[in-house]
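Consider the two complexes below, in which chain A is the common component and chain B and chain C are the respective partners.
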Partner chain A sequence: MAAKKVLLAPLDPVHDVGLKLVKRALERAGHTTILLQPDLSVDEIVQRAVEEEVHSVLVGRTLGYNVPEVLARLVDVMEAAGLRGRVQLGVGGMAIRPELAAELGYDRGFGPGTSPEEAVAFVEGRAPVVAEVMSSRDKGDLTSGYSYRVHDPGLAKTLDAIARDTIEWATARTSPAVERGRIRRELINSAIALGYGRMSPEDHATLRQELLDQYLGHCDRQIQGFYRRGERVARTRPLSGVEVAALEQLVARTSGPAQLKPLRHGRTRPLVFVQYGTGCPFMDIAHIHVAESWGADGVVHFDPSWAARREGLMEGYHTHEQDGSLLTYENLSRTSASRQASTLWQVRAHRGLNTPETVVLAAAAGADLTKVNIAYGSLGAGTDPERLAVDGVECMRLSAEAGMAFDVVTNEELCGVPAHKAFAGMLIGAAMAVRLGARPILQPLFCLSPDVMINGQMDDNFVDYNAAKVMALRRIMDAPIWPGAPIGFLTHTEDRVQSATTTALHAALASSLDVDAISIASTDEAYSGGAIAGGSRVDTLRATAEAFRFFGRTTIAPSPRAEEWAAQLVEGVANVLGAVLSRGSFVAALYEGILGSPEDGAYPGRAGRGTVWLR
Partner chain B sequence: MTCYVLGVAGTAKNTGKTTVLRALMAEAATLGIAVGLTSIGYDGEDRDHVTGLPKPRVTVPAGTWVATAEAGVRGRSEFSLAVCDAHPVLTALGRVVAARADRPARTVLAGPATARDLSHVTMTLARLGARLVLVDGAFGRLAPMTAVHGLVIATGAARHPEPERVARETGAICQLLALPRWEKWALEKSGNLQVLGPHGAVALRYPALLAPAWGEELARAAGAVAGKAGLATAYVPGSVNSAALSALRRALPAQVKLEVVFSHPLHLLAAGDPEGTAQAIASLAQAGHGVTVRDTVPLLAITVNPFYPAPGTGGEYRAEYVDAGHLLSAIREISPVLVTDVFLDGPAALWQQVWRYAGTAGSGGRAM
Partner chain C sequence: MRAKDRVLDAIDVETFLVCEHEEDARTVALALAADMGLRQADIVFVEWRGLGARVRIRAYVHRPGDRYGWMHEREGGDGVGGQEGPAGTA
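Right after this comes the complex of A and B.
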């Protein structure tokens, strides 16, 4: 690249800071610059461009009354002077947009957020390597580098014993969901065999019918009606042929390289997740695309809450009239195909009656992560503990087979369960996962939970107790930590500015604690009463980016209270785990309130009760 | 097949260029004339980028060829994309492509910013079958319009809310566009200033006359080559301002009579001071010097618009209007060509004037 000579012309009495930054970047890249004094006339600038025989002229100016006319006249005089064929002309300023630059006749416009690198690239006639926008990013691995070692030998022994016993107990049992998960896997495998020509259509049809008959034997009447009689499940609608074709087109349009704004500044973590689940496959793709573009590293699929109480899942392309997107292979596969290759994708299987099948579908559709937690799903999400223990162990097995990591969430805190009890349930889940060869991620709540509200740990600040939770978990186990879900939950209000700010501050604290990932809410998530607006997603992603930029690699120092609370949490966890071990059954401990009692606000779920049988 | 390229240039933003374009497109559509449309800037947005005030939309009839940035038409079912020109034309919004509207379609126009690129684009539109190409101006930019066959100038209160001042300026524009053509020998379109006389030829280091010092240098060069006869010819390919012209006049030796050839009247107008430039040229002529232009463009009509965006105290703009009749009559008094307010008068007179030039009688259109 031959060195270029660039004239930098601030058409403004004071605002030439941008041009000075560009000057520095150009000179660093080996080019010669001439920075004119501010407030020269158009003719004087062109005169210097002629005299200096420059290759490029970059003009900086804030817009004001009549300023666009002056900028346009510069273009005209440059053209009339015969310079436009050989001199590039760029304009920058806070009010400059590409459309305005085009209207004014400039070759390029540099608006707010433009980096000096973009101006250098323009001068050099190449595409910019833009720091603010990436066309791709590496897909993160939340679990790499962790040993899952439990630091305290006594606690390690306790956890291992509970995990071993629970796995042994669950392995001897099965449930409709475990059976459906197995059958769904065979259905998918047979479809793949048909697709690759390894099975004839006739054989496939016969096998599919056999499998479907078995499958429906484990479903409730509504799902049976869907498959056998084509009955619609309430609030759902199959996509028409035209809609499916349009969905394919949308996938094709959105799956290519996109401009992705990085969120972090100076750190490689935490990765940032947002949830989606509009009910509509089209809108899901749009929301994911928005989130990706504004820097989200990962997205979390939310399914309808009612589906957790149904035995069985539907097939095909379906839309849902309310929040939550239906879990079908077809829906999931389109979502998967439309996302950026670097976007981590989580499909949750942490509660309800379809968890093993969900993991099967997630793995088949290419998900990176799932979510499994027996304790929360049983105590806070309405699924029978025995049933979810059997299903959950199967989920962990399937996740390990598929190489899908999963988080173990402690949302029972939202019911009022104290953190040390929720952590005990989470750690049991994590220990079981490790024994089964899976890769769990600890997901402590990073929020103003009811227990905290009652006991006042956050009366003064939100820093100390959230920090204490992370510190406690690190003292117990060497495992990845992904606070959520979402961070700052119950600190949000209808006020978008407030919501974005509290999310950003929690994100900054999480970053300071060097956790692996966080989940953030949109600014309208807690109060939307319906669909989430795309703009409110951008609110929190932008606010989080600003918080990361503000704090960089500095850390937030918690007060000594954090240390005290961390010690109390570790002790509390050990006590609960001891009680579970003494009880001799993790499932019984769930029923009996050892991991969260009705007094705390946790009630053993009833969905799926009595549906477990010995193999 | 001939194709006529008509430029609709403004003296400022918001002088009514889009309204004129829409009127001409509608007239052409009723006559079944294939129209091509492009812009030397950007047009068709809902609201003005600068003032935020609503703007007339650009909706093209079926069959119209549009040359605009690719992103504006690619993937839209109303448009069929044509093969792009062999000379890629780039704008701040990306590559320019040609697209045919298969049904009436709203569009934004983001086209070539320079005369050279405009020539490529209009040739492409002509090859695709357009008989009339309409070129939308941008702000008060005129220099790229050297590539058109005929010009309509839109002016009005947005240029200045005082009608008499707009009229004076319009008179100066008309004067400059009426400068006689240089007919003696061929001159290069571009390059630096040249001075020829009995004692030889001098090439200066500049393409334009933008500084008094450059005017003085040209005067000295003219004196050096003029010889005893005191005659010299100077060719100024680039833009000019009144200060440089005045300096030239003052510095010319008394015995020298200089024939100054400017490349194009639109290059004289690029300085943005038509009155000052016209006055400086008149002073040259009064001093016995000759003034001609290498090339020119016929001015077909002037359109006027009483609207102007008035700035408020908080950075916002509001729509204001001067007296339309007053503005119209003030400009009609000084103009040798048709002056019309398309909104008040309707488009018929303007269309007749345009189509007369455009070659129904074989007079104006050029084979492309």
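Right after this comes the complex of A and C.
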């Protein structure tokens, strides 16, 4: 590439920094530049272009008034001087719209946000190299490097005893969900065997019918009606053959190489997760693609809350007309296939009556992560504690077998349960998981919880108490931490700017605390009038990227209150765990309010009560 | 092919309305949406202070489960939303 001579001229009374950045980039690329002073007339600029015999003229315009007139006059004078056609002419700056520049006869217009590289590429007559966009990224493992050691020997003993007893108790029992999970696995395996020609269609049909009969023996009437009589479940609709074909095309289009914007600046964590669950597989895939393209490392599947109260799951491709996307192997496998290979995917199994089957489906569809928490699911999400304890242990076992890590979420804080009680439940879940060979991830909430509102820990700032939670957990166990879900819960409003800002600030705090991952909301988090819009996901991802850029590797310093609160949390957790151990039963402790009481705002769930039996 | 078909889901209009109070802002915002041809518009956010209100109006072009114009156009076929019968299961 021969060096070019480029005239840089501001069409403003003062210099715009943009031209200086372009000058530096051009010189680094080996070109010669002449940067004129500001406030010259158009005639003076063109005269210098003639005298210097330049290859290119790049002018900058920041001020917004008279832009078309000034730019048009420059083109006219260039024309009169015989330069048009011989000299490249480009214009850039805050006041420039590329379409206006093209209309006026400029070879290129550079709008706000243009990189110096784009100007260099223009001068050199080539396509710009877009350095900030990747075509792939590494898939993160949130759990690597953690020992799960409980630092205090006394607490370690307590947790281990509770975990051991609960696993022993649950292993002796089963439930409709545990049985359905087992049968669903056989159904999937038989379909795979058929697909690979290891089973004849006749044998498969016989086996499938046999398994379905067993399955339906553990389902409620609505799900039985769906399978036996083809009855449609309320608010759902099967996709047509045409729709499924279109879905395949969409999967093919979105799973190809994408331009992925990096989110973090100078750090390798936290990984950023985005929650989706529009109800429709098409829209889910579109939202996942948007999230990936704007830098999300992972996505979290949300299913409908009503479906968690049904005994049994549907099959096939289905759309749902409200929030939450239906859990079927078909829906999940297409969603999974649409994502980039590097995108982590979580399917939640933390509440309701179908948790083991959900883990089976998630594993079969290729999920990287799931979500399990007996305490939250039974105290804050309406599932009977005994039932969820049996199902939850099975979920942990299945997760361990599938190599899927899971977070142990503490959403009972949103009901009003104080953090130390929620943490105790979470740590029991984590200890059980470790005993079962699974890889748990602690998920404290970064939230303005009812307990915090009453007791004032966030009256002054949102930093200290959220930091205290992370500090407390680190003092108790060497485990990965993934605040959520989403960060800033209950601080969002319907104002787009406020919502993006609070997410970004919580993300910055999480980054400063060096946690492993975060889940972020969209700016539609507090809007209840309709579905979350794709653009609102871009809002918070952009804001988060900006916060990461702003803070880089520097840290936010919490006040000494964070230390005090962390110590109080550790002590509170130890007291609650001691009470659970004294009670002699984790499940009884759940019913009796030791891990969150009606006074706190937690009520033992009733869905699935009386459905557990001894093996 | 209408440009509107390319909208993934919703059109948001953000503006500042000169108005007397918040209720006035809501009325004017919905009237503005109607003037712009936005059907079934909703007000996502409104904040009134003295001179007027900052407002965000939303109208969904495609709701989850709808027939999506952007699929129709891209694939060049009949698009999605047909009802000739459920697809098979695994």
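Following the convention adopted for this analysis, the second predicted complex is superposed on the first by the 482 of 615 C-alpha atoms of A that agree within 3 Å, B and C clash if a C-alpha of one lies under 4 Å from a C-alpha of the other, contacts with A are read in each partner's own complex, and residues count from 1 in each chain.
By definition in this document, a residue touches a chain if its C-beta (ideal position, glycine included) is under 8 Å from a C-beta of that chain, and two chains touch if they have at least 3 such contacts.
Remember, predicted model here, so these are calculated numbers, not experimental data.
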{"item": "Contacts of A:109 with chain B and chain C, given as first, second, both or neither", "value": "first"}
{"item": "Which of chain B and chain C A:40 touches, first, second, both or neither", "value": "neither"}
{"item": "Which superposed partner A:99 touches (first chain B, second chain C, both, neither)", "value": "first"}
{"item": "Touching partner for A:490 - first (chain B), second (chain C), both, neither", "value": "neither"}
{"item": "First, second, both or neither for A:320, with chain B first and chain C second", "value": "second"}
{"item": "Partner chain in contact with A:556 - chain B first, chain C second, else both or neither", "value": "neither"}
{"item": "Touched partner set for A:156, first chain B, second chain C, both or neither", "value": "neither"}
{"item": "Common ground on chain A, meaning residues reached by chain C in one complex and by chain B in the other", "value": "253"}
{"item": "Touch list for chain A against partner chain C, complex", "value": "188, 191, 237-244, 246-247, 249-250, 253, 278-280, 282-283, 286, 290, 315-317, 319-321, 328-330, 333, 493-496, 524, 527, 529-531, 533-535"}
{"item": "Chain B-facing residues of chain A, complex", "value": "42-44, 46-47, 50-51, 63, 65, 68-69, 72-73, 75-77, 79-85, 97-109, 253"}
{"item": "Interface residues, chain C side, partner chain A - complex", "value": "8-10, 12, 14, 42, 44-45, 47, 56, 58, 60, 62-65, 68, 71, 74-75, 77-90"}
{"item": "Contact set on chain B toward chain A in their complex", "value": "12-13, 40-43, 45, 49-50, 69, 75, 90-93, 110, 113-116, 138-144, 190-191, 205-208, 210-211, 214, 237-239, 241, 243, 264, 266-267, 270-272, 311"}
